[in-house]
Amino acid sequence: MFTAAAIAVLVAMALALVRAYAGPTLYDRILAVNVFGTKTVLLIAIVGFLTGRPEFLDIVMVYALMNFITVIGILRFFEYSVSQASANSETIKEQ
Amino acid sequence: MIVHLSVLQVIIPLMAAPACLLLRKRELVWAFATLATFLTFAVSVLLLSQVMQSGAISYEMGGWEAPWGIEYRIDMLNAPLLVLISGISAIALLAARTSIENEIPENRHSFFYIAWLLCMAGLLGITATGDAFNVFVFLEISSLATYTLIALGKDRRALWASFQYLVAGTIGATFILIGIGLMYVMTGTLNMADLAQRLPEVENTKTVFTAFAFFIVGVCMKLALFPLHLWLPNAYAFAPSIVTTFLAATATKVAVYVMIRFIFDVFGFEFSFTHFPLQEILMTLGIAGIFVASIVAIYQDNLKRMLAYSSVAQIGYLILGISFASQTGIMATLLHMLNHGLMKGALFLSMAAVVYRLGVANLSQMHGIASRMPLTMAAFLIGGLSLIGVPLTVGFISKWYLVSAALENGWWPVAAAILLGSLLSVIYIWRVIEVAYFKSVTESTPDVKEAPFSILIPLWILVLANLYFGIDTSLTVSVTQMAAADLFGGLR
Amino acid sequence: MEFLGLFNYWVVVILMMIGFYIVICSNNLIKKLIGLTIFQTSVFIMYISMGKIEGGTAPILAEGVTLYSNPLTHVLILTAIVVGIATTALGLAIVVRIKESYGTVEEDEIHAKDKKA
Amino acid sequence: MESFIHIIILSMLVTTAVAIVRVKDLFAVTMLAGIYGLLSASFFVLMDAHDVAFTEAAVGAGISTILILTTLSMTGRFEKAAENPKSNYKPALALALVTVTGALLIYGTQDMPAFGAADAPVQTHVVPRYLNDSATEIDIPNVVASVLASYRGYDTFGEVVVIFTAGIGVLALIMSTASKAPVALRASMEEHVVLRIVSKMLIPLIMIFGLYVQFHGEYGPGGGFQAGVIFASAFFLYAMLFGLTAARKVVNNTWIQALAALGVLLYGSVGVLAMINGGNFLDYNFLAQDDVHGQHMGILFVELGVGITVASVMIIIFFTFSTRKQRDGEPD
Amino acid sequence: MSMVTTYLSWALLVLGGFLCVSGSVGLLRFPDFFTRMHAASVTDTLATGMILAGLMLQAPTWIVFGKLVMILVFVLLTGPTAGHALAKAALHSGLKPLLPGKSGKIEADTHPSAGGV
């Protein structure tokens, strides 16, 4: 039964990958990356059970954490680069 | 402590580097870094004498015996190179404090010294280790430090040169990694001595063939063998002058050493030269490198760039020595490695002095400069003579052995090529001498004083070393002779 | 897993070469660095595949398990990953400086500006 | 089943790599590279390399993505097509070079032991000692940790120095001068209230998780490097959401640099201490009365040194990049 | 382990797997960003919860169970948060949802800047 779940997750990953490649907007890609990350979390958890050594789930935690941080990072720096012109004026004001 | 010498000479600079970061004050950092370097130099001299007395030294890291743990192995092949690296570094650091004043912003000085120490430690580590993967780790330490040092140059082209070097160097390192991986998959070991024992069993496989090819190409990228040399001229020309002094004298030599070690010790003479067309490849590239780089050097206005191309040409000589596949050939290469380190050190350090006063080292601005900076230009003259290979200098000794190795093989054309290469170096050195000594001072010549003693003293130490080892050759020749005999003694 | 045979390695070689291609071919310095990362990561994949043993598990000792995959390749690649990120970080720092002093991060534009100077 | 997942992941890796070649939007490329990192990490899990997967996920998908994004926000989003007609020959040339290299490698793989073979030299030489004897010689369950920190501890020392070197390099190249004090990284995420509150809750948890990874590394996957990265990522999160000025209050420049140096020194001092006690460099057997105890102590301190250096260097690198970005935003 | 928990776990895994796939199909097939986001994030959370719960029921030890719970909590916290932030950022940047237009057909209410995002 783990197998079925693993296949389902893999299919979902593949579909998310297509979306990440196709875009069209950057936000679509970010969304796809996020979905992809969550699915990887699931995949690794299932693989742990599949191989019979589920005690190393710590890795899954790191995947989830990094997934979150990456999404925030993309948002953060993308917003910055989009509104760089306005950012410049603000920095000057702060000085 | 005497048994720990082999590891001490690497960990002294390695630990001094973070300690420098704690000191923060740049004067203090300089003093501390110089002290650590001199200590390292002393250690490596002791190590050399120990190796000469009692043969190769093996040191097991963490007390784990060889194929399981990492081993340091100092023998006649690498001990003199260790002395060269730490010696040049110590001398150059003496001059560094003055030399970087005008070239690097003041608040970067501490980082500069730390990166310097790390670079030196990396080079020493590559040289001392007996473990293939450890070579990669220390290669990366020295490379990362080198990229930093080059990028600190004043000109913006230094950044671009550094980036190009970073890409080329990383590709080279990754090729080396692939090579090591393929060796590992066939033998199951990473220790060089163990590899040497286990590789013959599988030496007819395609995998080992590929491993060898990738490893050699990776190393050639690092040692800037023609035509993989494209990163080198810019990197040397735009790096801070004192960095160029250090790198030109040591970095490529270490790569040549790694090449010799793997060709002769790890893969073995027979594999390298009979299963693999190494001889033809190396000879062609070596000779092509000598001519192309020497000719390009003639047309350079920037003297640092000219000397950089000359370095590429000299690498050609080193590779040519390897391609002779004879004891004399290897001995000539080893000898030339040490000697070229000394002469390029002196030449680039004199350029550092020129840059310190003039801001640049362009030939067009150096008319009659010898009358303004007599000691500096005299040092350049002697270094240049040594580069050409005039008797009584170190250059003569290594060229002599190189030519005799060629004749020993009966390769007349190659011997002629070597002499012709020297002729080319006469041309580019003469251009400088002519402008500096025989052109009268023009308006374009800046009004400058002689370089300060803090640069002149290290410079003349190197020049005197050039002369001393050119006259009293007993030490260098005997050491390299023993090393070459060792390499061929282990002939399978 | 028999039929995987060398297929695994061939795919890895393709990955490496794609990375290598990006490094050589792309004009943008940041993309070059990303290509380097891919190149290196593929080499890591090669190493780790070499250490895999059929039916083995992670080299963390446990009762009742007798077959472990090779821990040495794991150690080597841990080190290599660190080297990789160190190189990337330094490369990016140089790119930032290049952008500041050249005003561009495209290789041909930098060449053009150097020629002019 | 495992081989099925194996093949799927490999093909997804190839797809991602090809996508990276084709996409011109560098933000998208970075994200795809992040996916590439995640995929290769999953592949490592399949290959039983949990420690490596841990690190690759943290580095390939996390840190390097963030760093590239920071740089991108300074250098621009799109890759320009080469305008110079001269460079049109480049793809063909590159393709030829790559094909030759690849062909050589494929040629080389032909004599390699089959994938997963138990009688390959890799499995029969050197490694059996680690697997069979580390239980008595070092006595910690995670063989990767014992090889990393003890058998090949010197490589790991080199690794710490590499990361330290990178920190020094970044500082030397792009550290902002003191006169241009860091201005607040525009706290653009102010409007993301939910994000900020949730992250505030998460940050301490992440740090605790980091500590757990640090000290649990001997029993499961993890160790100093991974812990350092996780610990640093908590600071990244804070700085991204609450602005640099706020983060700078927590992390003092001088202290963080000192910590980076101290981590390396700690590692080295463990080695030197062993030397003083009469052993070789890094011979932990000489640290305590009995060997196993000494090994435990040695590995503990060494991993701590790795963790401290990695965490502080990562923080230094990220902060230096972000500060530079502000400077970059200023009209010079 | 009793039959009931085993069957329950299977049911959860299968249902979770189905949700995974359906969510991803939605991510691929839906017409614009906001609908895709809806498809992805809703199923994401539920599917993750179900699969992790299914695994929990089969956990051999309490430690594994505990770790799974922690992962679930973490994913439940971060997933929706990230999704929320993403939607908000997209809306702020000028990306507009597809709405029934005046003509009765569904058309994009394009903002000048939306095309460039």
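Order of writing sets the chain letters: A, B, C, D and E. Residues in each chain are counted from 1.
Throughout what follows, a residue touches a chain if its C-beta (ideal position, glycine included) is under 8 Å from a C-beta of that chain, and two chains touch if they have at least 3 such contacts.
Because the structure is predicted, anything quoted here is derived from the model rather than measured.
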- Intersection of the contact lists for chain A and chain D: C, E
- Note on the structure: Outermost chain relative to chain E, judged by CA means, is B
- Item | Contact pairs, highest-scoring chain pair | C-D
- Query: How far is the middle of chain A from the middle of chain E, if each middle is the mean of its Cα atoms, in Å?
  - Reply: 12
- Message: Counting only Cα atoms for the centres, state how far chain B is from chain E in Å.
- Response: 58
- Note on the structure: Expressed in whole Å, how far the mean CA point of chain B lies from that of chain C is 28
- Query: When you check chain E against every other chain, which residues touch at least two of them?
  - Reply: 74, 78, 81-82, 85, 89
- Query: Tell me, which residues of chain D touch at least two other chains?
  - Reply: 2, 30, 48, 50, 70, 72, 76, 105, 109-110, 112, 120, 122-123, 126-127, 130, 152, 155, 158-159, 162, 165-166, 169, 173, 195, 199, 202, 220-221
- Note on the structure: By the touch definition above, chain A meets two or more other chains at residues 7, 13, 26, 30, 51, 55-56, 58, 61, 65, 67-68, 72, 75, 78-79
- Pairwise, the chains that touch are A-C, A-D, A-E, B-C, B-D, C-D, D-E
- Item | Sites on chain D touched by chain C in the complex | 2-3, 6-7, 10-11, 13-14, 17-18, 20-21, 26, 29-30, 33, 36-37, 40, 43-44, 47-52, 55-56, 59-60, 63-64, 67-68, 70-72, 74-76, 79-84, 87, 90-91, 94-95, 97-99, 101-102, 105-106, 109-110, 112, 114-118, 120, 122-123, 126-127, 130-131, 134-135, 141-144, 147-148, 152, 155-156, 158-159, 162-163, 165-166, 169-170, 173-174, 219-221, 225, 310, 317, 320-321, 324, 328
- Note on the structure: Within the complex, chain B is touched by chain D residues 104-105, 107-113, 120-127, 129-130, 150-155, 157-159, 161-162, 164-166, 168-169, 171-173, 175, 177-178, 254, 257-258, 260-262, 264-265, 268, 271-272, 275, 279-286
- Item | List of chain C residues in touch with chain B within their complex | 16, 20, 23, 29, 32, 36, 39-40, 43, 46-47, 50, 72-73, 76, 79-80, 83, 86-87, 90-91, 94-95, 97-98, 101-102, 110, 114, 117
- Item | Complex contact set, residues of chain B against chain C | 133, 136-137, 140, 144, 147-148, 151, 156-157, 159-160, 162-163, 166-167, 170-171, 173-174, 177-178, 181, 184-185, 190
- Message: So in the complex, the part of chain E that touches chain A is made up of which residues?
- Response: 9-10, 13-14, 16-18, 20-21, 23-25, 27-28, 33, 36-37, 40, 44, 47-48, 51-52, 54-55, 58-61, 63-64, 67-68, 70-71, 74-75, 78-79, 81-83, 85-86, 89-90, 93, 95, 114, 117
